[in-house]
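Look for chain A in each of the two complexes below; its partner is chain B in the first and chain C in the second.
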Partner chain A sequence: MSEKVQVQICVGTACHIMGAADLVVIEDLLDRSLRDRVEIAGVACMGLCKDEASGKPPFVVIDGQTLSEATLDKVLGQIEQRARRLIDGDTGDVGA
Partner chain B sequence: MELFLDISELSLKKHGESVCGDQIRTARTPDKTIVVLSDGLGSGIKASILATLTTEIIIRMLKADVGLADVVETVIGTLPVCRVRKIAYSTFAVMEILHADYSYKIVNFDSPEAMLFRGRRLMRPERHTMRIHDRDILVSQGRLEQGDFICLTSDGVLHAGLGVKMNFGWGWDNVAEHVERRLEASPQCAWEVTRNVLAQTYSLYGGKPGDDASVVGILVRRRNRVVVLTGPPLDRATESAIVERFLASKARKIVCGGTTGNIVARHVGREVKVDMKTVTPEVPPIGELPGVDLLTEGIITMSKMLELLEECQFNPAMLPSRRDGAVLLAREMLNADVIHFIVGQSINEFYQNPDVSKHISIRKNLIREIVFALNQHGKEVTVEYC
Partner chain C sequence: MLVLENRATYIRRELQAKVLKLLFAGRLEEEIDDLPRKLYPRKKDAVRCCVYKDRAVTAYRLMAILGISIEDEPDDPLPLRHYVRQALAREAVCEPVLTVIDEACSACVQNNYYVTDACRGCVARPCSVNCPREAISFQGDRAKIDPGNCVNCGRCQGVCPYNAIVYQPVPCEEGCPVGAIKKDERGREYIDYNLCIFCGRCTRACPFGAIMERSQIIDVAKHIQDGKTLVAMVAPSIVGQFPGALEQTIAAIREVGFSVVMEVAAGADTTARNEAEEFVERLNDGDGLMGTSCCPAYTEAVAKHAPDFQRFVSHTRTPMSYTAEMAAEHYPDTVRVFIGPCIAKKFEGIHDENVDYVLTYEELGAFFMACDIDTASLEESTFDATTATRHGRGFPVSQGVTEAVKHYVGPRAAVQPVPIDGLKKKGLNQLKLFAQGKAPGNLIEVMSCEGGCICGPGVVSNPKSTVRALRAYLDAEAKP
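Coming up: the complex of A and B.
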């Protein structure tokens, strides 16, 4: 199985109120060619909102990196960038 | 008391009348449950007042532990009798159930005989006739078992369809058969049966009931217990003990709160799996965790749940069919008879943030509102704060 971009959307109270509910459509908005390279999951409150240093909700964690004040554009941009890098890596391997 | 008496009462008023001349009252004391159905002669205001008087006297005396026979004697002795028709101005059925052993007694005074169903079939309980003040009183008695269903009706139900769709009206036997058929569908609550009987009554009358019609259904079922864990406790040192006690409960287990869910998950060594199919713009998704029957987000879901309960008037059949945390939580609350809340008071500082709307900030107030509403609708609710 090929590697995937791991996306975790926090669905806790604060994140939900601050806009996480709008992020659940991300999967549908993803470029078709990237969909099978991305794994999106909801996670119960990660507690990031309790620490000011993490920034403001909603939080999305992409491959272990926390994205604060996540918006659709921000998250999509990040996912696409990472997914393309994965795909490029694959084709590179094939060519080698 | 391990068995629960799920009581549903519904009435239709005679077409064209402004009030129903049948009155139903139920009362629960620590020792017994009392149900009174009274039918005032005729219809409208006068019938309603007579029936109200009758039910009130009976309920008050029984609550004061006066014996059933004495109560009936007092009421029959007091009730006026119509000079023309020589019948009492008000008829009634009284059922008294003792919680200690579920023994019951039903007294019918000129009212349709109570129906008792066991194993979904009509059964004839032990009964005898008593003469009080020259009147015949039918007394049936026995002991209730889990799954029993008792149905009390006013004669308006038995006469349904008279002259409209049937020559002699619906009739006692046919009503009993109708109830049997409803019981075959294994109703979860008494309301499912009573609502159906009254809907049929209404339909047989062609939408214009020729008499007041009432039905009381009593379903004897297991007591449904639910325990809700919401919010992290103030003192982290107590977490384990609280979670352990929660998980050991025999009740249905519900967790409301992401952080709380994580605490339980950590305790059982598992991770919460979020079901993203249940997210809606209003309500965050539910999660899954072994050993927990329902896991939802906290404040938003509970507020929405309270809204839903009010919208559906605490009637499970009127809940929306969608599967989100608030609907599922509301259904759990409505199916429960006894609910215990374990409320952690630790506060998430972010909820105090000015960007967050005010109503999510105080869990305690929300719980108080929920408890009040559930109490008002006959649920036994207890709360502990930690």
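Coming up: the complex of A and C.
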């Protein structure tokens, strides 16, 4: 079982209103070659919206790192970067 | 079709929530004047020419959210706290329901056609040869359109072999079905209220967010703070607007401070029943056709732009009107608030003695955010004393009204529906023709918003998902 990029999209009310509803299509936009290296889940309100220090909704957490004012573009960029690193890591193992 | 996924929407929603949050914290008056600066600090990249302009426009947005007409601003600007006091002191809301932030208007092109760099100044020059107004001249080796002569006919664009001429729309004007929004002498837009039908399309079409509805959130919030008894009358398109089940959204509305939550679908059933009776009567009387009456933007459009059709518009009142009447009967001495997807309902509400305020789902969402309410985490609740059926609940999608009326007409008459789904200039012309007896059917259903109310300017969620949610809700109900 290979490692996956863990993506949590907050589907709490504030995130939903501020744009998270549009983020759930992200799975369809993901490059085919990366799909089996990414795990995307909608999660209940994580309370990030209640603390101004975490930034503004909508929030997406990627491998434990919080992304605020998440947009399709921002989230896709992050996911692809991390997923490619994972894949490169795999091929590195094979060579060793 | 309406596209709400953009930064203008984000900014509007963020500011609405911030205003309510500060109000509930008791700090609105003292802190509102700091908001524009906090949102656009000097270090931040400006969206417009500079942060100072961003701040100025933000201040105007806040005024609209406080329910103020920006057009009324005196030359010596007043601090925002002055408008907070004014908003908190007002007894009732008044017309107009829209306001234009002229400072935010980018004064889009006067001419819709523009010659781009792709022009090669060719020898054939079909653009200039085919222009009926001699509006095209050549400067160096580039065509140029003289805005004084151009009549926006578009012929030049059609004949250019290099596709070098582009069409640049003026989004608000393009969105307006009745030509009510136009340029002043400086090229900035204003609304001609002799023509406006309050559909609200311009507010969502403008990429600069320069047109806003005058919000009533402050008025509603004030009554909540004062401990008044509030009745929420919720339109049937609420299904799917917020995360979780509908029953959780009802609970969230109670959490905000509404003591009673009524279903406007019950009023929609009354509308459909009465409209069915009227339809049968009219056919028997030889009228030949009847128009629906529930969409206030369309009825206003008939009054202002197709008066010949007026006599065919059903005299039946709207779902909001019947629901508000029920509310006034059952719950006298309450503050009655309609919550829906519609901006024109704000206009209708001002003229309905049983309706005190009208909020959009977006504005309801601002209350949820300000009160830190997470709908999906709440215990389910139900509507108070509702009599609604699936027929009334089906109103918010195009042809839902027709289906409901058809159901109540039953075998008494043959309903031949003519839907006008999304009112545009063409639809208005159709109505004029129908008034002359040229209708291809007998029940004319008009929805100002394409797709029906569920696609209205005040929705939170994308209609793609809410239409599906509503259908699932209706189907689940149909099962025993």
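In this text, the second predicted complex is superposed on the first by the 96 of 96 C-alpha atoms of A that agree within 3 Å, B and C clash if a C-alpha of one lies under 4 Å from a C-alpha of the other, contacts with A are read in each partner's own complex, and residues count from 1 in each chain.
As a convention for this text, contacts are C-beta pairs under 8 Å (C-beta built on N, C-alpha and C of every residue); 3 or more make two chains touch, one makes a residue touch a chain.
This structure is a prediction, so every number in the text was calculated from the model and none was measured.
Superposition of the two structures on chain A shows chain C clashing with chain B.
Once chain A of one complex is fitted onto chain A of the other, the partner contacts of A:43 are limited to chain B, with no touch recorded for chain C. When the two complexes are overlaid on their common chain A, residue A:60 makes contact with neither chain B nor chain C.
Among chain B and chain C, the chain that touches a larger number of residues in chain A is B.
In the superposition on chain A, no contact is made by A:26 with either chain B or chain C. Legend: residue contacts after superposition of the two complexes on their common chain; A:5 is shown touching neither chain B nor chain C. For the superposition on chain A, the stretches of chain C under consideration are 24-32, 258-266, 294-302 or 330-338; the one running into chain B is 258-266. In the superposition on chain A, the residues of chain A contacting both chain B and chain C are 11-14, 16-18, 21-22, 44-45, 49-50, 56. Within the complex formed with chain A, the residues of chain B that make contact are 257-259, 261-262, 265, 272, 274-276, 279-282, 284-285, 287, 295, 297-300, 348-351, 353, 355-357, 360. Remark: chain C residues 5, 10, 13-14, 17, 242-243, 252, 362, 365, 368-369, 372-377, 460-462, 465 touch chain A in the complex. By the touch criterion stated above, chain A contacts chain C in their complex at residues 11-14, 16-19, 21-22, 44-45, 49-50, 56.
Here chain A touches chain B in the complex through residues 11-14, 16-18, 20-22, 24, 40-45, 47, 49-50, 56-57, going by the rule given at the top.
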